[in-house]
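Below is the structure I would like to discuss, written out as structure tokens.
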Amino acid sequence: MALLEVRDLSVVFGRKRQKPFTAVDGVSFSVAAGQTVGLVGESGCGKSVTSLAIMGLLPKRGVRVSGSVTFDGTELLTLSDKQLRDRRGRDLGMVFQDPLTSLNPVIPIGLQVTEVLRRHRGLDHKKAQAEATELLNKVGIPDPNRRLSEYPHQLSGGMRQRALIAIALACQPRLLIADEPTTALDVTIQAQILNLLKELVAGTDTALIMITHDLGVVAGLCDEVNVLYAGRVVERAARHELFADPRHPYTHGLLGSIPRLDSARSAKLAPITGSVADNIPWADGCAFAPRCPNALQGCVEQPPELETQDTRLLRCYNPVLPATTAAKEG
Amino acid sequence: MTPKLLQRRRERIDELADAGDAGVSLAKDALRRMRANPVAITGAIIVALFVVLAILAPFLAPKDPRTQYAELKNQLTPESIPGPMPGFLLGSDQYGYDLFSRLLVGAQQTLIVGVLATLIGVAVGCTLGGLAGAFGGWVDTALMRFTDILLSFPSILLAISVAALFAETNQWTVIIAVSMVAIPVFARLLRGAMLAQRHSDHVLAATALGVRRRTVVFRHILPNALTPVIVQATLTLATSIIDAAALSFLGLGDPDPSRAEWGLMLAESQQFIEVKPELAFLPAAAIIIVALGFTLLGESLREALDPKKRR
Amino acid sequence: MLRFIVRRLLQAIPTLIVLSILIFAWLRALPGGPATAMLGDRWTPEREAQLNAALGLDQPIWVQYWKFLGRAITGDFGNSTVTGLPVIEEIGRGFTATVELSFFAMVVAIGLGIPLGYLAARYRGRLLDNLTVVSTLIGVAVPVFFLGFLAKWVFSSQLGILPPSGRQDVEINSTSVTGFVTLDGLLTREFDATIDGLVHLLMPALVLATIPMAVIVRITRASVLDVLDEDFVRTAESKGLGTATIRRRHVLRNALLPVSTTIGLQTGLLLAGAVLTEKVFVWGGLGSLLAEAIELKDYPRLQALILLAAVVYVVVNLLVDISYAIIDPRVRVGR
Amino acid sequence: MLHTGKKRVRKAALIGLAGALVVSVSACAESDRGDSGSGESGGTLVFGAAGKPKNFDPIFNDDGETFRIQRQMYDTLITYKPGTAELEPGLATEWEPSNEGKTWTFTLREDVKFHDGTDFNAEAVCANFDRWHNLPSAAAQSQAIYYGDVFGGFAENKGDATGEPLYKSCEADGENTAVVNLGKAKGAFPDAFGLTSFSISSPTAMEKHNADEVTQTGGAFSYSDYANKFPTGTGPFKFESYKPQNNTVTLVRNDDYWGEKAKLDKVVFKIIEDENARKQELEAGSIQAYDFPSPAHYQSLEDNGQKILSRPNFNILYLGINQEGNPKLKDVRVRQAIQYAINKKQLAQNQLPRGATGRDQFLPDTLDGFTKDVEKFPYSQEDAKRLLKEAGAENLTLKFYVPTEVSRPYLPNPQAVGGAIADDLEKVGIKVETVLRPWNGGFKDDVQKLGKQDIHLLGWTGDYGDAGNFIGTFFGREKAEFGFNNPEIFDALSRADATVDDAEQKKDYEEAAQKIAEFIPAVPLTSSPAALAVSPKVHGIVPSPLTDERFSTVTVEES
């Protein structure tokens, strides 16, 4: 059985007298222990909201969450606030995008690490301190003893992200969600952090959900990839399959907009035209249709369903043909 | 090294100055948002009513507010002040003037004091700030050092000190004392806004096109920098009216009872609270409502112009 | 840190000297003078001249100033022309009165303002929030002196439950140790004096607290709203920390940064607002001394008071900077 | 009591009338007291004072707030009968002028001791006179204002002080007779001997505590220990403490008092500068009496059960006319027009406390020198307009100086009174430019030294029962305030001042008063009773025209 089972998750934002906005629209996926799953898509596609919904970190007011999220057999969505707090940090860990703003600027790093240890593992001050040193060491922060008493602004960006990872992994959670963990970092640092994450999860039972807009990140890390568009999963496949043979025009476009070492020098980058602002509601058809090079008349009459095609899931009436991928570009 | 307090006061002004950054289109945008905001509308209605009343007061007043009426004086003693009687809607005040007419004309005097104090604050402050912003360099340093000194003093204490340093107090000393509080704020505000404008795209473009510096300043920088000044002026009007009343209460106000100004009316009539409570309560209520009106309007303007709040 | 403090204080000295010269000259350029006030109804030009000579006010102004400076350095600011008591003694007394009043006002303003601002932010957009926001706006629109007058009228004249003026009842015969009425009562174990002092403090402190409280509520509310949106709060939530810990350690501690500067700023303003409140409640603090000195042209007292105001302002600024450095670690390195 | 009799009794009757109600109250109190007996515990009176005392040495003071405290601790040679300006024996049982008024012989009370145990005798009296005459420093002399005023000068005038000293010597003729020799006669005596400034202090205490030491430091004076901490007199109360921290002066009963001992154990003066606060403190019961209630508060105080005690009128508010200010004012018809134009009765009713009256002349009814037979100018706009026309002054514009930042019993609110007068003058066609000047910040200079005004508002409260103290002070010589030189008036006044015989002096002052009423150097306006607000529990306060209330007869009911 999968460790985390997300079924038909929907998140609707909307206050009184405001038009409701569906950020996540019936997303389902699952993660098994030790597996790394990617959620990929442009900003606003609902990938971060999905992660927050799993963690129970969405605001209470003005948000409706439906569907089901089961973690190790427990339904998370109906847990009380208290029960959820007991899980977060212990079973579920999360690493956020911007390490500078995600760390409290006015308390020392040490406290930010130890507080989670003391909360969930009931360590006393001394033990927590020792454990924290160990943790910082493990995430590759040099001179961890000194760093413990320092404040976030005294650390470099990469160092901060390492600290955040240390915090998220402090209680050896069974599921770690990393939400764009490298976006705010220098390119050189990005690789280090990804490698760190990879090392830390490798060989453990910890499941990892990697949220990113960057397919490059997914390429090096994920076992399985979910591509999200406008709140729905449009394509799901194993990593190699997806990279070798993207079927959904959106996935195709995403890959096409990344420079590839293996493509010809003369090959032009093919960015996806238009923007999310052009979307049409799923109820009226395929949300991606207005931007889609393969769009058919039918695409805007009836929304496509997520259907199994070979070994993958695909939501498209007119997918990119497997064979034509490279030839067309030429 | 700048003291933190001063720095904080500066920052608060500078934040507002940045609001002018986006220029005229922002003002239109702000106006649209204001129209949807009930707080802004309440403020605007109060202010509009007050201004109309103040302007029309001399025509609306049923009696001459500067004449003591025999009908009233015949019944007036310090222990009993005549109430309403035919022709005198609210009866007499403690001097034998018609209270209703005095309250009406008081709106005018109060507005004059508030507006003049604010205008002087704006004029002097903006001149200093404008010079500093336009010339920069040592002019900027010197002028800003001066405004920092003024800015370091708590407002009412500055007004009291200034008022106490005049040989005698009158309407003008009150206005000047109150305006002293506003001068450094406006100086800093306009300078900040101008600096922000100077680096904005359209100004850079104009400069790059070889438009003369004076033209750039007057045509491009100033108009856009004025938005935050207007916001601050609205808020200053409220505090000016309250500060002027406080000066009256301390005996540093305009001592002439023949000029009806709400602050003075309030300060002078407190001992009559048991003889005729409305002598104190009516001007007090008037001051509170008007100050509230300007504050509501100013705060909602500030909010509407705040780039952070825009979505 | 110590070097920083000393340097800041030294930097203030030239400013104080220039200020004292300005005040000294300006006061003497105004019409009338202490002699006029001292003579009252019995004023004649001849008597004024005689008195001015006796007071040494007929000497050239730089001679007067030089003498003043010489004495001021030794801490002697002369005697009040109103009471004949040493100015420094009077100011010391007035200072304790004002500080005691301001302290309690600030306790009220902070003690009520921060929780109220926090609650308003937490229940943003609900009734409590709206009520709080509206009352803070009204709070700053009501002239302080009128509020005090009104409070006195209601609680003293009509209800008769609070004393209308002063710091201490005549019946109370407590020993003065520090000059702070409430503290002295505790030190000398004359608890009735402390209670009496608190009863006298209640109304003026509340009245004086209105404006700073309104400001603190607004800043706290805005600041908490900002912080609640911060990423690190989400991080804290993701750690599964208890609500209390998150509020205290992560939300409030950050939200209080701008509030602390505001409190410093308001403390300065409070001392000024005290002038009005003290007059209403005949408090006998610095505000009362200042008002009296202005009216009766008490040069020695005025000079000392204005210089004191400048010194206090320097010190308050300094204290705020120091406290800021303690709360916000980012500032320490910035130095 | 050889001499005191005749002259003063007439006054007593008149002043007494005004204070009739109050006297009857005190009479009741007196009969009550018969039962309780003296020396028993009488409680505490807390009196709300309007201002801080300067120090407690009488010779260095001249203000009512300080005097009120000193009067309870000190006695003067001659004193005033309660509720009047009439003289009665104080420390001297008899006094007698001789040598054409240049010698005063005082027969002193026996068996009187100062609070420090020193014997009171002729030597002590002379020690006081000699001390005053020989005040050593410019600082001390400048503060002995009444002495300088009444006695003309000092043995050695210091600083800018000028003037020929009146005092020659004082001799002790045995234990109980003191003879004071003056250089020339002065009409102010014997009344001026009753001034609180001339209270008799203990010579031992003065010497011990360096009483004469008044030093100037930094634009102000500091006083001796005697003046600050050890004032020692013979009065019914003794000084206990002055606590500036809670603004109280405490006096306790002198159990060795020579006269009827005080009923109260203690008198506490609590200084509350704000009248509103004094009123509320009285209503709250934390003080039992206070001075100068605002006229606006009379009614509500009475409604709350408090008593308003009005003092007999002993002051005058006048509209000064500066004939140098505007040439038209030299024309007596213009001055008459101003007299006619002002509705004094209404002014008194509208802006002044109850009991205030419009005045035709400067002297209170009760003083020798008052005469009904003066020229009068009852309110008449027609007469005013007619006279202005006759004088060719229809377009008269007058600069009207009104003081601000001051409040006196005769002028509780100068701006209000000024406004009412300006309104009256405007109504007969005189254009008025009102100039408001702070009392201590230019008004006195502009009006009394520089004569910048055309007309102005001022007033006076009498120090003692002498006509010269009123009209002599105003019109005795040429002054910038009035800008006229009328030798006839000057001569009449100085003649009256030098006259020793009572009947003759009275006639001289009446004559001078008539001349003044005719010449109109200023327009007398109103006279207002200063009041005390007193709790119903307090008995025995007798309001005095000279604000000379003694608390030795006061009792406070236990609550």
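The chains carry the letters A, B, C and D, assigned in the order they are written, with residues numbered from 1 in each.
Methods note: a residue touches a chain if its C-beta (ideal position, glycine included) is under 8 Å from a C-beta of that chain, and two chains touch if they have at least 3 such contacts.
The chain lineup, named per UniProt: A = Peptide/nickel transport system ATP-binding protein; B, C = Peptide/nickel transport system permease protein; D = Peptide/nickel transport system substrate-binding protein.
None of these values were measured; they are calculated from a predicted model.
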* To do: List every chain that touches both chain A and chain D.
  => C
* **Per-chain Cα centre nearest the global Cα centre, belonging to chain** => C
* To do: Just grab the chain with the largest centre-to-centre distance to chain A, centres being mean Cα coordinates.
  => D
* To do: Can you check how far apart chain B and chain D are, centre to centre, with Cα atoms defining each centre and the answer in Å?
  => 47
* Asked: At what distance in angstrom does the C-alpha mean of chain B lie from that of chain A?
  -> 53
* Whole-Å gap between the CA centroids of chain A and chain C -> 54
* How far is the middle of chain C from the middle of chain D, if each middle is the mean of its Cα atoms, in Å? -> 40
* Name the residues of chain C that each touch 2 or more other chains. => 30-31, 149, 279, 295
* Structure fact -> Contacts with two or more other chains occur in chain D at residues 276, 405, 438, 441-442
* Asked: Which residues does chain A have that touch at least 2 chains other than itself?
  -> none
* To do: Name the graph shape formed by the protein chains and their touching pairs; answer line, ring, star, complete or other.
  => other
* **In contact (per the touch rule at the top): chain pairs** => A-C, B-C, B-D, C-D
* Structure fact -> Given the complex, residues on chain C that touch chain B span 8, 26, 30-31, 137-138, 140-146, 149, 153, 258, 261-262, 264-265, 268-269, 271-273, 275-276, 279, 290-291, 294-295, 306, 309, 313, 316-318, 320-321, 324
* Asked: Where on chain A is chain C touching in the complex?
  -> 55, 57, 81, 84-90, 92-94, 96-98, 101-108, 111, 115-116, 119-120, 151, 153-154, 164, 167-168
* Contacting residues of chain D [partner chain C, same complex] -> 46, 52-55, 62-63, 137-139, 141-143, 145, 148-149, 158-162, 216-223, 227-228, 244-248, 268, 270, 272-274, 276-277, 280-281, 283-284, 286-287, 405, 408, 438, 440-446, 448-449, 460-461, 480
* Asked: In the complex of these two chains, what residues of chain D are touching chain B?
  -> 275-276, 294-300, 346, 349-354, 404-405, 415-416, 419-420, 422-423, 434, 436-438, 441-442
* For chain C, which residues count as touching chain D in their complex? -> 30-32, 34, 36-37, 39-47, 49-58, 64, 67-68, 71, 76-87, 89-90, 93, 149, 152, 156-157, 160, 163-170, 172, 176, 179, 279-282, 284, 288, 292, 295-300
